[in-house]
């Protein structure tokens, strides 16, 4: 299983997560899914050989997920 | 609003589809070494980034030395994001938790012994790892941003989990903004020093400290700007965290 | 020491205000108004240095290259200063300094929130730095970073504006990010075709690239990126709200200069990098031309409908940016000279008009034109400047607006594009309508202005209508419009000719 | 069979998916009613462009761009330039997200909601 | 040969300086300081202009170039014969009008006079700028300055009627100004120069007939609006709402004359007689002028308001000039130029009389002015004299110019235009002489001034006497000058010689027969 096919798989995963985020309803669930998105993006970067970028993406994914969760505290979870 | 959305969506999908069908045969195949991207500048960077900058990690060499000016303004973007967040929310009132803690000893529902012990174990590791990442910026993976972010995560854990009498020191949002400013100023100083010694802005081999060959000066230069970047990134993330945290109602 | 520093000026112009901006929060912690003074001082220093730089560029006759970090261009980043961006840097630093001076009454350093004015000044200074960097850098990716700084400080300044500021800032943030990402994609495509990021190197290597589709796609992305940043017609969604609800003192800078420098960057890309012999350049220029024409007509027509002062100015900006894009789409020497001259003259015109609007807001809290009745008796200087600037906006002769229109029309006729001349005429007539409507309400309306009972603005000296720190910028804006008008041939022949001819 | 998929992915597949991801990001930003979801979709778009740059910089047998003694030659290592650029782009995207969230909280404070219809519905354009 | 001297620029700059002074000092200073500035500026300007006449008469020209205003074109002034005529008329009459407006403003307790005098000064500086402009760009700069400076004067009373007429004035002048701008750019793009050359710098065959016509009528549009040629004259009657000195300025000195002068410049100095006749534009222009003359005279007859009647008579008289130019004969061009002078003096007298009557007796409708001569003998006498001059009676300035235009028309073999001119003279008599007859007729009961009823202070409106001296003197001066010019057209500043000199320069010396 060469690297390219794994990359394709992860890209497909990213697209699916994006679609879920667009049509999702519950914000808190979407934030968790967004964290998954950031994680799989990090995996993708590792596959393309960009270790530095993957490291940064992981850290910054965590931080932005925490920001989102704090923001949700003051915003009701449900959304149209 | 409905009509606008559908039109917008249609336009974007069409553009994506057109790009998808049309694009591939004009872009270089993924991974081939002869494409202009991999053949022109990258060969120079790969071959003489070690002698020029003395950094094993080529990405840090490009990031901190060849395109150091980019990274300076990237840290400015972080500092600016912190200041903007601060200014935007400075007019909304903070949620004062002071009187609640006085009446009854506050016992956060979610902070059981598991979280406390986890907090006591994890945070020191993160801090040590952050300093390792910072120190090893040149030789192996890592660098200023990652180290700063890790320290910020450590602060974040310490700020959120224990029941609000956080132990790792308490930084107000203004203090965070100022330290971020000082961090960027360190970066600018390392850029200005060579100018007094005959070099251009950010030309590390003209740094005024004595050293026999240039690569050593370059690595000292890289280390100094890494310090600036760490301070700025950490302070900015803490700043945004404080700004947002102070103004949310944690009522559980 | 000084003569040694001369050849470092291109980078010092950006770095000195950067130190000021970065240290402003820290300094203001010790004494509240110290941060403000450092920023104003830094911008003044940048302005003086930019004049020295422009003088030496004209004397030297050819472009300056400043290698950052001492690295040779394609590997490191370099600053390229030639005639065109020399004068634009002078413009940006001059208006930046004046806006900083202008906003000091708005941001009195009150004791209980010392941080508020320090934060404002830091963001304003970052906006000026971003624009200075945007116009002097010679590297494509570095331009993206400066664009991001301009955008972020723009979001900040708009968000601390009036009640609807945050909403306008949020919408601008979304569209601005799409714009920046489109630009990044464009640079990515060019990078994939050539492998370099330095603009001069890009131009050379693009000559040999034979696969056209990637260049066309890159151009499309660049047009979308610059179009959003310039608020060119179809991509201007964010602009009216952003300009009318922004912070009153920072609005002149945002509306006057922030949407002009991406136009210069577009010139830099479409004339200095892509060579004009490419087959599809014709179609690209016609596309930009169509966007410009629609933008001019849309902007002028929409401005007729509103009577909120800032909204009229915002929509007329869409039209005027259309003039600049029209100049570039004409493509010959007079078209480009007209476009660059319009960048300069419209920057002063729009900045001056927003100064007067902020002065009205500062003294009487006026937002709508029909509250302007008989204000000129109490604020003669501001209204005098308003008259001069509005006449220049409608393109009436002794002022700068007319001469840039002259060059645009001349370029259009030499190219045989008579539609453009017709559009220029129609739009100046439309702008005459809404500006003379403002004159009618100002000079002939009945007195609607009530003197503020307690003179809340103690900063105003007894004799003056508005604090002196606000009157100076207003006066300068009006004077510069006249000076630019009468002195435009010096700019066109002396400065622009060598650079633009070299490019065509 | 596998290598057919591989070559398809290499030339067309990866870029196709990147552009689809970008299209989805922009679509999400436009069509999602909730401002929070717009910010998430903005991040998705930025991630897709970052990946586009990194995909450009890939090499078949290249190792990580960290210098190793015995490995010499340019095509042994992956191209470091896009990585440096994308570090900047990621940090910029964090900055933008931070500011967007601060704005979000301010809008919530003023309008009490972050749904676009409720906000723009009351004719804020005037 | 050309004399390089700064005098032409000084003449323009003097009143700009005065305008600035008036605006800055404004109402912080007593009124007569303000009037003092205006008067001194007027006198200095007139002195400067008149000092240049002898040199121009001897064939040399003053040339002064400030700097390069646009890439390739200079901001330059050249005092040729035609420009000198218009400049003398404008600066001479400015002195008269400013004395008159001081009296009028005092008598009528006008408010915001600072704006009035400042705008007045800017108007005059742009009028002189128009006359001395050496190329189309400088000409257009001052032309648009005139438009903008006249707007506050037209909308002086700031009530709804004034706003409406101001809007109408702007609509006409700005639109035609922009079309004029487009034509100038086109001419510069095609011919590479836009300096005025006696006889025109456009050769007949250089551009196709259609484009030449288009360019010609775009340029003429700019001039025709201000000169009130029929389809574009709408703004002139509605500008009557302004105070009378402004109408005097508008209809006699600056604005309409600038329009006529612009037609002269375009026809004779840009296109030149040969090019104009080649593309047949002169016949079209002539027919426009003829319709304007006849129609405006008929309308003037039915107008009861004195100022409205004078306005329509101005529209008619100006089309004399346009007709004279479009005949393209040396005599008719000289006659047209001299008619600029004649009509200026005659019409300004009529307007000043109308203003004096209005201030003294608050009457504006002709039917109510029965037997006015008994009360205001001097004003009515001057009014009679001037109206005879307008009708073209010999021994008055009007006759000299009309005679030349008719002689030119006959020489060029266009008898029809000569007939039109004669008919127009009769029509002029038919709408002006009845007014004089009413003045000297019997006084019906409404003749006395109700101002005593409305409690005016007796001294202000002179009780039953004539108008105040500040208004009477200018009226008598202009009436006298028009009489002198009628008898000896070359009196004083040899304006007639200037006209003939200019006409010869345009038509290349030999009379086109």
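Letters A, B, C, D and E name the chains as they come in the text, with residue numbers starting at 1 for each one.
We take it that a residue touches a chain if its C-beta (ideal position, glycine included) is under 8 Å from a C-beta of that chain, and two chains touch if they have at least 3 such contacts.
Keep in mind it's a predicted model, so treat the numbers as computed, not measured.
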item: Shared chain contacts [subunit B and subunit C, defined touch]; value: D
item: Chain nearest the overall C-alpha centroid of the shown protein atoms; value: C
item: Comparison of B-D and C-E (more C-beta pairs in contact); value: B-D
item: Farthest-lying chain, centroid of Cα atoms versus that of subunit E; value: A
item: CA centroid of subunit B to CA centroid of subunit E, Å; value: 74
item: Between subunit D and subunit B, distance of the C-alpha-averaged centres to the nearest whole Å; value: 17
item: Centroid distance [mean C-alpha coordinates] between subunit E and subunit A, Å; value: 78
item: Centroid distance [mean C-alpha coordinates] between subunit B and subunit A, Å; value: 19
item: For subunit E, residues contacting two or more additional chains; value: none
item: Multi-partner residues of subunit B (at least 2 other chains); value: 19, 23, 27-28, 30-31, 35, 37-39, 41-42, 45, 57, 59, 66-67, 70, 74, 77, 80-81, 84, 88, 141, 143, 145, 237, 240, 244, 247-248
item: For subunit D, residues that touch 2 or more chains besides their own; value: 9-10, 14, 20, 22, 24, 26-27, 31, 55-59, 62, 64-66, 81-83, 85, 87-88, 91-92, 94-96, 98-99, 101-106, 117
item: Interchain pairs in contact, sorted by label; value: A-B, A-D, B-C, B-D, C-D, C-E
item: Complex interface listing, subunit E residues touching subunit C; value: 23, 26, 67-71, 75, 137, 140-145, 147-148, 151-152, 155, 158, 162-163, 166-167, 170, 174-175, 178-179, 181-182, 185-186, 188-189
item: Residue ranges of subunit B in contact with subunit A within the complex; value: 30-31, 57, 59-60, 133, 141-143, 145-146, 149-150, 152-153, 156, 160, 237, 240-241, 244-245, 247-250
item: Parts of subunit B lying in touch with subunit D, wherever the complex brings them together; value: 1, 5-6, 8-9, 12-13, 15-17, 19-20, 23-25, 27-33, 35, 37-39, 41-43, 45-47, 49-50, 56-59, 61-63, 66-67, 70-71, 74, 77-78, 80-82, 84-85, 88-89, 92, 139-141, 143, 145, 233, 236-237, 240, 243-244, 247-248
item: Residue ranges of subunit D touching subunit C (in the complex, touch as defined); value: 22, 26, 29, 35, 38, 42, 45-46, 49, 52-53, 56, 81-82, 85, 88-89, 92, 95-96, 99-100, 102-104, 106-107, 110-111, 119, 124-125
item: Contact set on subunit C toward subunit E in their complex; value: 334, 337, 380, 384, 391, 394, 396-398, 402-403, 405-407, 409-410, 413-414, 421-422, 425, 428-429, 432, 436, 440, 443-444, 486-490, 492-493
